[in-house]
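Next come two complexes, and both contain subunit A; in the first it sits with subunit B, in the second with subunit C.
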Partner chain A sequence: MDKVMSNKKIIALYVLPAFALLVVLVYVPIFLTGYYGLTRWDGIGERVWVGFDNYARLMGDSMFWRSAYHSFLLAIFSLLSLVGYLIISMILAGKIKGADLFRKIYLIPMLLSSVAIAQLWMRIYHPTNGVMNRLLTSIGIENPPLWLADTSIVLYAIFIPIIWQYAGFYILIYYAALKNVPNELIEAARIDGASPWQIGYKIKLPLIMGVIKVTIVLAVVGSLKYFDLIYVMTDGGPNGASEVMASYMYKQAFRTYNFGYGSAVGFFLLLLALVVTWLIRKVTESKEDNVQY
Partner chain B sequence: MANSDVAPDMHKTMWDNPTVMLIAKFILYVFLIGVAILQIFPLVWLFLFSLKNNQEVFNLPPLALPETPRWENYVTVWTQGNIGQYFFNSVLVTGSAVLLTIITASLVTFAITRMRWKLSKPVLGLFMVGLMIPVHSTLIPLFNFFLNVNLMDHLLAIILTYTAFNMPLTIMILLGFYNTLPREIEEAAIMDGCSINRLFFQIILPMTAPVVATTAIINMIYNWNEFVFVQTFISSDNLKTLTVGIQNFVGQYSTDWGAIGATLMISIIPILIAFFILSNRIVEGITAGSVKG
Partner chain C sequence: MFKSRLKVGTLAATLLLGLAACGGDADPDPGDTGTGDTGDGAPAGEAVVDFMHIWPAGSSPDHHRIVSDIIAEFEADNPGVTINMEVLENEQYKNQLQIISSSNQLPDVGMTWPAGFMVPYVNGNRFATLDDIFDEELNEDDFVAGTREAYEFDGQTYALPVELNIAPVFYNQELFEENGLDVPETYDEFLNVIDTLAENGVTPIALGNRDRWTGSMWYMYLADRYGANALNDAIDRSGSFEDEGLIQAAAEIQNMVDRNAFIRGFNGLSDQEAKAEFMNGNAAMYLIGSWDLPNFTTNEEVPQEFRDNVGFFKFPEVEGGEGDIDSWVGGPGVGLFVSEASDVKDEAKQFVKYFVQRWGEESVEDAGVIPGTQVDTDEVELAPLFIEVLDELNNASDITLFADVQMNAAVAETHLTLIQSLFGNEVTPEDFARQHEEALEENQGEDEVDFDDAEDDADADEAVDEEVDEE
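Now for the complex of A and B:
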């Protein structure tokens, strides 16, 4: 038995196809991004070694820092929206008839492509014919905002479809976690006279802390690399007001052919994603002691 | 209101009062239904304007249907543009990538969970770290790689990339199921002189049908909606997938609301159909793919 199940040839045969794909298309590119970031390169001609010039330029590039700031804001908004999702999930996980149907309906936007969502919301935000401003004018607001054309609110306007898109996803995760909380604990607390609010806050919340941590990482890292929707809706505009790190990287590489500089931005993005993941895990680690059942 | 007769010292037992509970429940249901409407409303509005011409979009109330719904918008966009071709490409790419991902991921998962070899833990670790890699950090090297191996503007580049990037999530979902399969099965099979290949393909793989279905639908949705790889690696119009194709197509029709609405509806209808048939599997896949992280 042991001999059969440790047949090296078979193991290699089974593991190598997937492993080769992963290494060639995911891991090698990551290291190459790091390397390309140390060169000046137009994508076709020779790569010229420039050492850390690109990173020095990155440090002083105000447009990059502006896009990094926008990505940071998106991450903060996402964290705040998690609170809303959590509240909805808490309600759903109580004794609600049709909870299953509700969470499925909430999930629908999550299944659509970001391109379709972006195209749809561009029409919703259309200054004169979009349903948003049609509704606002019908309730008597005379000068409704221009949404995507207004540099001061464009980022908020973009964030609304993001909330809409991801609501079902996070609600689903929280709901599944809340349903795993042992019923006896809740019943015991209820008999002791705890209010629904206390049961939620003092019993359920600490018990699903592990899942909440996972969603925090997902939301923050997801925001840092957010791209599709913004690329389609505003292309970072107007005037850079909605530029984020990934869209800035994409433009540097595939619009202005600064592949070296674009790689430096891409590598920075990678490091940031890994560091932030590690940091969040680290910061929330101490609370783990309370999560034991 | 009935809850006005609840005295302050009754606070602890307030939630045992049926009237209070009824009112609380009512408020909660109104809230949950409100959220459901917000999630569905943009799609309903999209469907309605896909059946209108521009004048009807501008003059009728957003939620009104024209006297004769203009189904011809769908015929027009399907016959005039390349939508049929995009649709075919999406089916081809999605189908091939899903098949390839599931076969290679199942082989790896089998080798990692059932077979004995020293490197199984680190190799699994490498696959799992793949979950955290931002796609944009690999884009420039991948672009260069496909250029060098003559796969630029070739659907194979897309199929292989989807397979590699969906591999970690697929393995993660499969792992949970493989770990629950009883070991007696393979012991008995091996005792009877069954080869490993037969054990995997004829006994284990068929047993994993439910989880394979779950990963298949999740992979399908991700691939169908993917944007940035196709946008970057495919330049010929007749090789584009629906997600990227509609982006260009909608650009041409930027002033014809009915045509845009019909195009977007065509791109999301397959996903909505999959959702109505397979919503339980989708819910299961998304939950399994995130909570264990």
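Now for the complex of A and C:
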């Protein structure tokens, strides 16, 4: 085995397919998007080089900043939801009855496709026939909210299924990490008289800190580029009240034929995500940090 | 550290493929399959025409069958020509068309929407002109007035219509009877109908305004009844959106909203959801294009009881308004184009011609599609409701093309968003008009830029000519 691995040609042979795929499917498109972002282009005719005009326009585009604000709100909500997921996984990882069943229940939304989830929640939120409003009417609320039609609540109404959608994913990650905490440590702590709260906070949490950091990055970056449910459920409406950066990019590129500007939005989104990732790393950095992500 | 940075970058980049990936995914293009097929031992002189349409066998079985039949007939009549069909669903098709046309790989024959949708393709010189296929068998007079023109730029036809629609107000006759209502002929009667229904706890109108073009049609009718041609004039810039009639129309929309004319939560409902409310008898009226006529006449999946119950009326006249009741909102839907880059252009044009003719003969009876070509209502066997609509179409004094289709893409997007705000009472009728004006003004500027480019090209051509002359 050592002999094989010391042969540079063989190493190259193993690495090359994945590397080529990565370059063709990831780096080339990113590079091209960056280039298109510097042109005025309807996606069909001639490309006209305009330098940083698109970015100048982006800086002054109130609709973009509004959707950026919505994306950041989603990121904050996702972060808060991580705390909830962590608590649920701690309970599940503790020896409670039916933990296995609950774990499966939480995992189900992850197995559904985004479009199915969107259809499901559109029915739940239906203004007259929806489960939600039927329930509210039956307990005596006369004018239940118009979940997806009211500009002041539509964004939060969509956050709920988004957070629900990813619950299983994060709970699974935390659950696996918690199961990896050595039993001896916990038993030792228990013998020393530590309460369950102390065990959770002082022993389990520090031991899975690396995993938590990864999930923070995943949740924040995932929120910034979020698209699916918003596209299907409201299409960014009404009147842009649920527009996020990715849906705005899509609209610019494919609906209004500003492919150049749409590319600029997409590239800016990429830069934003990189900066945020770097910031999160800086903030959560610690000396004994040995988990790389 | 460097290593870990790289990994972070990769992670973020993978997550963020977004737009770039959309472009990358679409690489398999129909052009390739076409050449691939010819390569499979086809004798020389054979032509393969790639054809893309939007009617999958699953969701539009009748359309799909007619298309396939026409293709089979065409191939039988024209030995040596093979039609290679590719089908994509509507929205997917629009995205795909844009992507493949950016690399100049449009199918030889495809479908396009009229007016505003075609502008970038025509400007980018992607579509071939079709005027040279007109002869005695098929010429301008065979199309319903105003339909072919929707695909015309600078006097040249770039596509031929296969669909035509007008939008009547469909209503539930039983609900009208129960509430002692008659079909309204004036706008005041119409408001009375709305008030009576609302008071009796019946939802007057089903509207799915998440899709926005649905609300646009209501606005367009009011605009037409108040200001006649004002809307068209405002869009082609010979008039203004700040026209009194147009502002009045916007104000009336909000009046209707305040009277609870529309279903609860309409701004969050899709057209499909709204239609379901109408078809379940939960709402009394529903304004939609005649493309839904099969649902109200021949579709066996819809209960017979409901189908017998549906009638339609023309959008009522407004007292003192300039428009007349026989003026409709509607217009052609998809049409067929031939790609300028096609290497089998002659065969492709032949196919388009053949298709449009055969489609005109088959589509109404078999698929409930009103073709862009004229239909003789005495000769076709159709449900009475269908015949009535077709007769109205023949008597139409004017057909106003859907506003979002008339406008170019950027203005249409603004218009549609403003429609949603107008219905949601988030914008005053005056601001509604002003923001339309701004969008149209701004965009006119962009059109001028395109025009300059075209002039530059012309200059370049002249320069070349001069050089040639010098030689």
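To be clear about the criterion, the second predicted complex is superposed on the first by the 265 of 293 C-alpha atoms of A that agree within 3 Å, B and C clash if a C-alpha of one lies under 4 Å from a C-alpha of the other, contacts with A are read in each partner's own complex, and residues count from 1 in each chain.
The definition used in the following text is that a contact is a pair of C-beta atoms (placed from the backbone, for glycine too) under 8 Å apart; a residue touches a chain by one contact, two chains touch by 3 or more.
Since the structure is predicted, the reported quantities are computational estimates derived from the model, not experimental observations.
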Three-chain arrangement built on subunit A, subunit B and subunit C clash or fit: clash
Partner chain(s) touched by A:Arg255 [first = subunit B, second = subunit C, both, neither]: second
Touched partner set for A:Ala246, first subunit B, second subunit C, both or neither: both
Touched partner set for A:Ser152, first subunit B, second subunit C, both or neither: neither
Partner chain in contact with A:Ala273 - subunit B first, subunit C second, else both or neither: both
Contacts of A:Leu25 with subunit B and subunit C, given as first, second, both or neither: both
Partner chain in contact with A:Ile173 - subunit B first, subunit C second, else both or neither: first
Of subunit B and subunit C, the chain that contacts the larger number of subunit A residues: B
Partner chain(s) touched by A:Lys225 [first = subunit B, second = subunit C, both, neither]: both
Partner chain in contact with A:Ser62 - subunit B first, subunit C second, else both or neither: neither
Which of subunit B and subunit C A:Leu107 touches, first, second, both or neither: first
Doubly contacted residues of subunit A, that is, touched by subunit B and again by subunit C: 22, 24-30, 32-33, 43, 128, 217, 221, 225, 227, 246, 249-250, 253-254, 259, 262-263, 266, 269-270, 273-274, 277
Residues of subunit B touching subunit A in the complex: 12-15, 24, 28-29, 31-32, 35-36, 38-40, 42-43, 45-46, 49, 57-58, 61-62, 104-105, 107-108, 110-112, 114-117, 123, 126-127, 130, 132-145, 160-161, 163-165, 167-168, 171, 186-187, 190-191, 196-197, 200, 221, 224-228, 232, 243-244, 246-247, 250, 257, 260-261, 264, 267-268, 271-272, 274-275, 279, 282-283, 286-287, 290-291, 293
Subunit C partner contacts - residues on subunit A that touch it in the complex: 22, 24-30, 32-33, 42-46, 48, 122, 125-128, 146-151, 154, 217, 221-222, 225, 227, 234-235, 237-240, 246, 249-251, 253-259, 262-263, 265-266, 269-270, 273-274, 277-278, 281, 292-293
Complex interface listing, subunit C residues touching subunit A: 3-4, 7-24, 94-95, 98-99, 101-102, 120-121, 123-126, 209-210, 212, 263-270, 273, 277, 282, 409-410, 412-413, 417, 420-421, 424, 426, 453
Subunit B-facing residues of subunit A, complex: 1-2, 4-8, 10-11, 13-15, 17-19, 21-22, 24-30, 32-33, 36, 43, 88, 91-92, 94, 96, 102-116, 119-121, 123-124, 128-129, 131, 134-135, 164, 167-169, 172-173, 176-177, 193, 195-196, 211, 214-215, 217-218, 221, 224-225, 227-228, 231-232, 246, 249-250, 253-254, 259, 262-263, 266-267, 269-270, 273-274, 277
